[in-house]
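Below: the structure, in structure tokens.
Letters A, B and C mark the chains as written, and numbering starts fresh at 1 in each.
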Amino acid sequence: MSAATSVGPVVPAVPGARRRSRGRWNAPLVAGLILFGLIVLCALCAPLLTSYDPIKQDLTNAFLEPGSKGHLLGTDSLGRDVLARLLYGARVDLQVGVLAVISPFVIGSLIGLIAGWFGGWLDAIVGRVVDMVIAFPFLVLVIALVFAMGPGTTSIYTAITLVGWVAYCRIVRGQVLVAKEQEYAMAARASGLPTWRILIRHLLPNVLLQAVVFTMSDIVLTLLAIVTLGFLGLGVPPPTPDWGTMIQEGQQFILDKWYMSTIPGLAVVLTGLALALIADGIVEKANR
Amino acid sequence: MTTEPLLEVRDLHVDIPLSHGRLHAVRGVSLSVGVAESVGLVGESGSGKSLTLRALLGLLPRPARIVSGTILIDGEDVTGLPAKRLHRRLTDTMSMVFQDSLTALNPVMRVGEQIAEAPLRRLGKSRGEARAIAIDLMNKVGIADPERRYELYPHELSGGMRQRICIAIALSTKPRLILADEPTTALDVTIQAQVLRVLRQLKQEEHVSLLLVSHDLAVVSQTCSRLYVMYAGKVVESGALLDLIAEPRHPYTFSLLRSVPDPDHRVDRLLTIPGQPPDLSQAISGCSFAPRCPFAVDACHHQEPALEPAGAAGVERRSACLRVDTAERWSEMVAEEAVSKQ
Amino acid sequence: MKYLVYILKRLVSLIPVLLGISFIVFFLIRLIPGDPAATLLGSHATPDAVRELRNQLGLNQPLWSQYLTFLGHLLTGDLGFSYVYDSPVGGLIGASLPVTIWLLVSGTVFTLLIAVPLAVLAAARRNGILDNIIRTVPIAGLGLPAFWLGIMLILVFGLKLKLFPVAGFGDTLGAHIHGIILPGITIALTLAPILIRSLRASMIDVLSSDYIVTAHAKGISTSRVVLGHALRNAAVSSVTVLGVNIAYLTGSTLVVERVFSLPGIGQQMINSILGRDFPTVQGITLIFAIMVVVVNLLTDVTHAALDPRVKLS
């Protein structure tokens, strides 16, 4: 397995942009952080921004257009306030998206660290398993796993962890193979420190940067996966609000009520854009 | 002489814009190359010799640019031509051989196709004709078994073979002048000699002129009959090869010659020129070589010397040195100083 | 000849990966909570039927023997039996796979049609206005959900402008092509941003290299230099990026087929999930993985064909 490729989309650094930003901050990073900060703030303050209950149905007020009295973004087919669902949906999707990245990050990095350091048969086995998992399209395997384990957030976390760790494993393993040969690692080894101490104290801080950089693009992918699961009816079970489910519900009324799918979709695009900008900015900083 | 030179350059200036200000890399170079003549352009790295050469073909690397200057081909000023026609005119007349043959060749294209490309795309030959021309050129530059090697990729050839391919490519446009930028620097000595022989033969058999850029006087003296010596973006001395080597009329040439290990006269150690070339992003007052010059006097630091005739009447010889009149005694002066230091 | 040997060697090297894939697919069934046989047959099954199926599936036997049986069936082309459709899974997949391949191929073609000209333009006019637009706009595309993009395209080009069919794949070649355009563009718009960035970066690299100067010095036209010399060299590195991402985006055919009601294996997979048709889901998961392996193989083979420096031995 080679360290250069990853499981997710390969997003190369943009050389032309590098020259412009010499400071600690660059434009994509700042723009992304501001946008993402606003989205998180909206999600956190959902109860303050709307007085509606996102799951309370009101069939007498169904299909209200955006801008209707009392309903800024209108209501859906069951008369639920779209703004409320959007805000509470952000809570759900962002929370699942961020949490679902943590365990693959930790597990993948640890396995990559150990496999890279010890090499030999252990590395060979890890390499084989990684090859197996990356042979599947990310989404297909996640969907199959969620299906097998039954719906629910636990299944989603588990499935994304089972598939997502390989990316981190490859990145960290590749970095370890390089770092292993450097003098500081040799020196630490020669000094007779216990292996775990060398790995955690000396190696890990040096090999983790690329994995952290990848985390940002991974959150985008994970968010997309969660929203897609919701769209396919395999996500967070209803009536919990989720952007993917909202898009799916709106699709059947697309001709008359085009905004029902468009609004939650824009929320996804905006969040994705914010995260992509942050990822871009971090890559730019890291490559400098 | 009434015949116009094949190529003449007048007062060429090349700038490299920097984040603060600019680097004045070529500062008014004038030179000429006659028909079927081999001319050398010598200087340290950073003296602007390679930029001068690239400017002649309009191939300056970004962000360098020509600020001013005139290029004449057969006595005709081509500088004012529209960009496309200028490029056409320049590439019709001249072609170029680069230092590193590995990077100068397209790695994913067969070498034969790279030679055949210009005949095919520019000279309107058919595929078969272009191939025949390419194989003929490969023969000419001394590549054995050209039919087989036509099909190879650059990485499958040795450095010397690749440089021959580059020369064949340069010949493929039927140029009258070949610009060669350190063509042998990347090669080892025996291969160097072979490649230089190829270049000399071209001049004799095909009457192609040659403008050879090198930091190595030995290379130039094997190939050229006339020399320009560049220092800090300017020509400081010019003249016939033998005159120049026998009697340098500029302290820089003088020092350069002393730094060449001469197999006939054994020197105890390799002489190098002390000091650094000037920073070309700053204004220079006086002679640019004065800070490193063993013969500099006060005037040298204030007054900029012009490139003026410096030889016997009728001999084409120029030098830009205020102390040119003392040139005959330079060897003695250096020797005296060496003695007084001991 | 050397090239053929290289392809053969690559094919042989796929065997362990394919075994691994079958292993994972086999274990999917183990993840089902409770009795797989009961789950497979659904809630209306009689205890007798469940017992019979359990025997038939060999669920009473040790795990390794179950896997060997499963593998043996795979090798003879038997992907299992769908109790929901009452038909062999292989047949179901065979009927829908061509649609998915149509979608993947057209998605790739549209991606190239979009990405190559834009990347070349951006690189050729580096740091110009056009370059800045081409460089920044695709960032927005990275977070674009394919299914939502599909819905939007249907809304605008299908429902409002009525240029393309809203759903389905038709029965004639003409209808196929007409029906595949919007889904193909949907795939392309999610894939192109990545390719544009990679291709632009390698084009800029290539355009500053010495052999481009050599080509210019020959006096051939700029377009010939850019297209004939630079693009091919830039393609060498971008082909791998494209391949990795096609493999990754193979998964999004699933949602795109769903949105456009294309009867491909992705649509089939989701229908089977909703119908709790486990053998079909298992079979399609396997086929998806094989498609990724094939795409990766094609990528390597193309890379080797484009770059003579790749060691074929």
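Methods note: contacts are C-beta pairs under 8 Å (C-beta built on N, C-alpha and C of every residue); 3 or more make two chains touch, one makes a residue touch a chain.
Fair warning: this is a prediction, and the values are worked out from it, not measured in the lab.
Any chain touching chain B that also touches chain C would appear here, but none does. Taking the mean of each chain's C-alpha atoms as its centre, the chain lying closest to the overall protein C-alpha centroid is C. Chains A-C form the pair joined by the most contacting C-beta pairs. Our note on geometry: chain A versus chain B, Cα centroid distance of 57 Å, whole angstroms.
Chain A and chain C have centres, each the mean of its CA atoms, that are 21 Å apart.
Residues of chain B in contact with two or more other chains: none.
Of all residues in chain A, those touching chain C in their complex are 5-17, 28, 128-129, 131-133, 135-141, 143-145, 147-150, 217, 220, 223-224, 227-228, 231-234, 244, 247, 251, 254-255, 258, 261-262, 265, 268-269, 271-277, 280. Against chain B, in their complex, chain C makes its touches with residues 208-211, 213-221, 224, 228-229, 232-233, 236, 306-309.
Against chain A, in their complex, chain C makes its touches with residues 16-17, 20-21, 23-24, 28-29, 31-33, 126-127, 131, 135, 139-140, 142-148, 151-152, 154-155, 159, 194, 197-198, 200-201, 204-205, 240-241, 244-245, 247-252, 254-255, 258-259, 269-270, 273-274, 278, 281-282, 284-285, 288-289, 291-293.
By the touch rule above, chain B contacts chain C in their complex via residues 54, 57, 59, 61-62, 87-88, 90-92, 95-96, 98, 100, 103-109, 114, 117-118, 121-122, 153, 155-156, 166, 169-170, 172-173.
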